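Below are two complexes that have chain A in common, paired first with chain B and then with chain C.
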Partner chain A sequence: MNSINFNEDQIDALKEFMNISLGEATSHVAELLDAFGTMHIPKISVRDTSELKEIVSESVEASLNYYVMKQLFAGKFGGECIFIVSEQSANNLGTHLYETDNPDKDDINDAVMELTNIVTSSIIGRLTEELDVQVQFFAPVSSFVKSFDIADDDEMAQYSKVIVVSTELEFKDHNISASIFILTKDEAINSLKELIDKKIEELYS
Partner chain B sequence: MDILKCPEVLLNSLENGHFVVDDNFVVTYWNRWLSVNTQITSKDIIGKSLEEFYPNINYKILRRKIKTAIRLNSPTFYDSNNDSAFLPIRRNKVTKTSLKLMKQQITISPYIIPENKVMISVYDISELFETKLSLQTEVNKVNLLNKILEDDKDIIDKNIMIMKTTTDGKISDVSTLFCNFFEYDKEYLIGKNASILKSGNLPDSTYKELWNTISNKKHWSGEVENLTSSGEGKWVESRITPILDDKDNLIGFNAVYHDITNKKLLEQLYITDPLTQIYNRGYFDDLLSSIRKHQRKADIDFVILIADIDHFKSINDTYGHQVGDTVLKEIAKVLKDTLRDNDIVARWGGEEFVMMLKNVDIDKAQAIAEKLRVKIEQTEIDNNINVTSSFGLTKYYVGENTNLTFKRADDALYEAKKSGRNRVVTKL
Partner chain C sequence: MGFVNLKILVVDDSKLARLSVIKAVKNLEPSADFFEAENGAIAVEIFKKEMPRVVFLDLTMPVMNGYEALVEIMKIDPDAQVIVISADIQPEARERIMLSGAKNMCPKPINDEKMQSIFINDLII
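Moving on, here comes the complex of A and B:
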């Protein structure tokens, strides 16, 4: 079995791919949702699944409620994208996209879903394009939860390690910010390493 | 590899709705599932705008989603939790249902990008949604029950004394009240043998009977005296229940205790002579009545002995009642200390004491009485007082009225007094 950790070259390459992907995601959001935002340089780490709750809790405020969208993507590089938006940010997003001062629950959910879908499709679509593999997206699943219910330990118990790619998305004009976690597990981590090695070889050959 | 020659046949055979629209919402394809479920035929809708048939859809949002799908070359979605249906379709389910309209998941996939056409797929997720709802209802019920159980557990923990042990008597759990009552830390008790609480004041036969009963997977109830961590005896009513697994194997014991300290204290007061701290006349009377009534084999072999302090009145007259009381206390102590644990000593009244000597023949009883007489004679009270005593004794005959037995003993005492005091007289 291959080592679960990435070497320095692999991390550098993955960061580079993620930067390109996030750039494209930001541009798509600006074009499609008419919202000009910035995305922070992503943090990439391989962690024990038991750490996920702690990692997620660092990006949220304990007293707040959050809209959480989870979108699965399948293929040689498969995984799950978790998009976390505070209640206030989600309200602002609903106001912006539905052009109403008082968006209802459905409007807000749909607005968060649109943003999630655009960001996930852009990031993962571009990343898999770089790695030359196909990917399929599934419909995001939404929930409105208290901060400590975002990453339930029970859900994660079946995996040993996860790659956590985390970043923040900010639309200062609309007072919207979100945290994004891209999680892949076990066999997908090895697939990703192989794909990155192949790409590095192509680039330097 | 086979090339798909008839995509329309394939799309018509699917159990989902699929239609193609452009960014002006003009429908260019409408599959059979949609015709059946919406009652709008493909002939009616193709070439027309979706808006004519479904004016309630938010077309600004739909346009953006179509644009997103085409721009990203990737599907976009509607939230399936949305309360309003994208294409309202009545459900045909006749049996119990919580959904009148079909719950749908809508996926918008890029189709012919240069023509800005997308395929909109409609998936019926009503059954899934209903299952989710009923599951949520059940989860809510379970959560409520769990909360009630937790609350009850807390109430039980704080208000009932419970100890759990393994089959070999090692303590595996104790309630908070148990710890407070016996003044132990829970951590200290866990793993210790339950015998740590034994006072030693109960006969071994009680513990043997207890152990035999529970080892045979039966309940045992009884009153036991346990010790606190500081060595104080506490009376508890105990009910021990064996814990069995699914296959009826014994896996431990559960003991529930109830504090009966006050009850025991009252019982003790009721049967104790306050001055001498030995049994009172009432207790001895009850004992004789019980023997007469039940005639248990273990109880009917005994000798009755009555003792009377000689010239006690003159002690009271000479030294005062306080000294008289001291004499009574000292004599009671001599009697109690000299006899065996299972013999009974009671104050009959005034300066008279009565004793029941169990399982002895009359000769042995006479010797015991003589021993008592000598000890009393030799006991110096308050440094300078010596008293003597007279004894009358008799044997109980099986089946006879105990009043008769008592009368014989009393007659014997009278004889002892009459014939000079400080002696033992037997009357059979």
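Moving on, here comes the complex of A and C:
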């Protein structure tokens, strides 16, 4: 694990906060799908945004298409959450939510958008709650792209670090999995480190 | 309260989470003896050796998860007092661990108020 500027305790704390956040997200998605979700241990790393293309390529199949949802959030810990769902997972989601064997593209997009909104707001909302800070969410935007176009975006150049959350949202009877990346700037990473240190200090006091 | 030799096993793969539990317990039981495990397999071994009065158990852990560890611990001691502290807040997760013999399930993160409620309502010390 590459833990740029983060020490072992800070990564452990970030992993634990993310675990709590994912627990809430899983619960909300389970409600949406009316199915039990199995939680997996998230793998957390903090990497340079310049590595994003490589990082993304490790979590997707080169030959497949993906729904990519991006949601900006602003505040003391600000950035952009990228949620990547394979076409097959998105179809499964649309099929389940719209109770049809052949959901159309708009329905699938709408279903993925709803899933994204729930997951990113749960993750970022819970994470920032744990850190005692507020963030404002902006409307998510979606695209349907080939795997190699996922990280090929000039907008990502404005970010310096990416918090990679490798986990799986696995739901009984529904083959739905997704990847989550949180893009941040240096000042947000520094704020995050300060907030984590404050939390750790509180525990040792 | 103030019991002597109250052995408590805290099981979580996160050091921060273990510290949070230990700190919350210490506020109620300053003299408690703590044993820590970072996965279910280590927890089961410590449980066999130390037979702690209380186990605080996470669910999502490497090597052996909390569900499996709970089953093993209940086989060793059907009267074991296991409190699951987990980020998994789904009703089905709760149902599953309660059926396996846990005393209760508490959502993460733990705090003094939740710990006090556990000591008052769930544990026999």
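One rule holds for everything that comes next: the second predicted complex is superposed on the first by the 190 of 205 C-alpha atoms of A that agree within 3 Å, B and C clash if a C-alpha of one lies under 4 Å from a C-alpha of the other, contacts with A are read in each partner's own complex, and residues count from 1 in each chain.
The criterion applied here is as follows: contacts are C-beta pairs under 8 Å (C-beta built on N, C-alpha and C of every residue); 3 or more make two chains touch, one makes a residue touch a chain.
The shown structure was predicted, so the numbers you read here are calculated from the model rather than taken from an experiment.
Touch criterion met: A:32 reaches chain B, while chain C stays clear of it.
In the superposition on chain A, A:40 makes contact with chain C only, not with chain B.
Of the two partner chains, chain C is the only one that A:200 touches; chain B does not reach it. By the touch criterion stated above, A:88 is placed in contact with neither chain B nor chain C. When the two structures are aligned on the shared chain, A:50 is found in touch with neither chain B nor chain C. Of the two partner chains, neither chain B nor chain C is touched by A:5.
When the two complexes are overlaid on their common chain A, residue A:100 makes contact with neither chain B nor chain C. Per the touch definition, chain C reaches chain A in the complex via residues 13-17, 19-20, 23, 59-62, 86-90, 92-93, 107-109. Those residues of chain B whose C-beta lies close enough to touch chain A in the complex are 60-61, 64-65, 67-68, 71-84, 105, 107.
Across the complex, chain A meets chain B through its residues 28, 31-33, 97-99, 105-106, 109-110, 113-114, 117-118, 121-122, 125, 137, 139-142. The touching residues of chain A, when paired with chain C in their complex, are 9, 12-13, 15-16, 19-24, 26-27, 30, 36-37, 39-41, 130, 199-200, 203-204.
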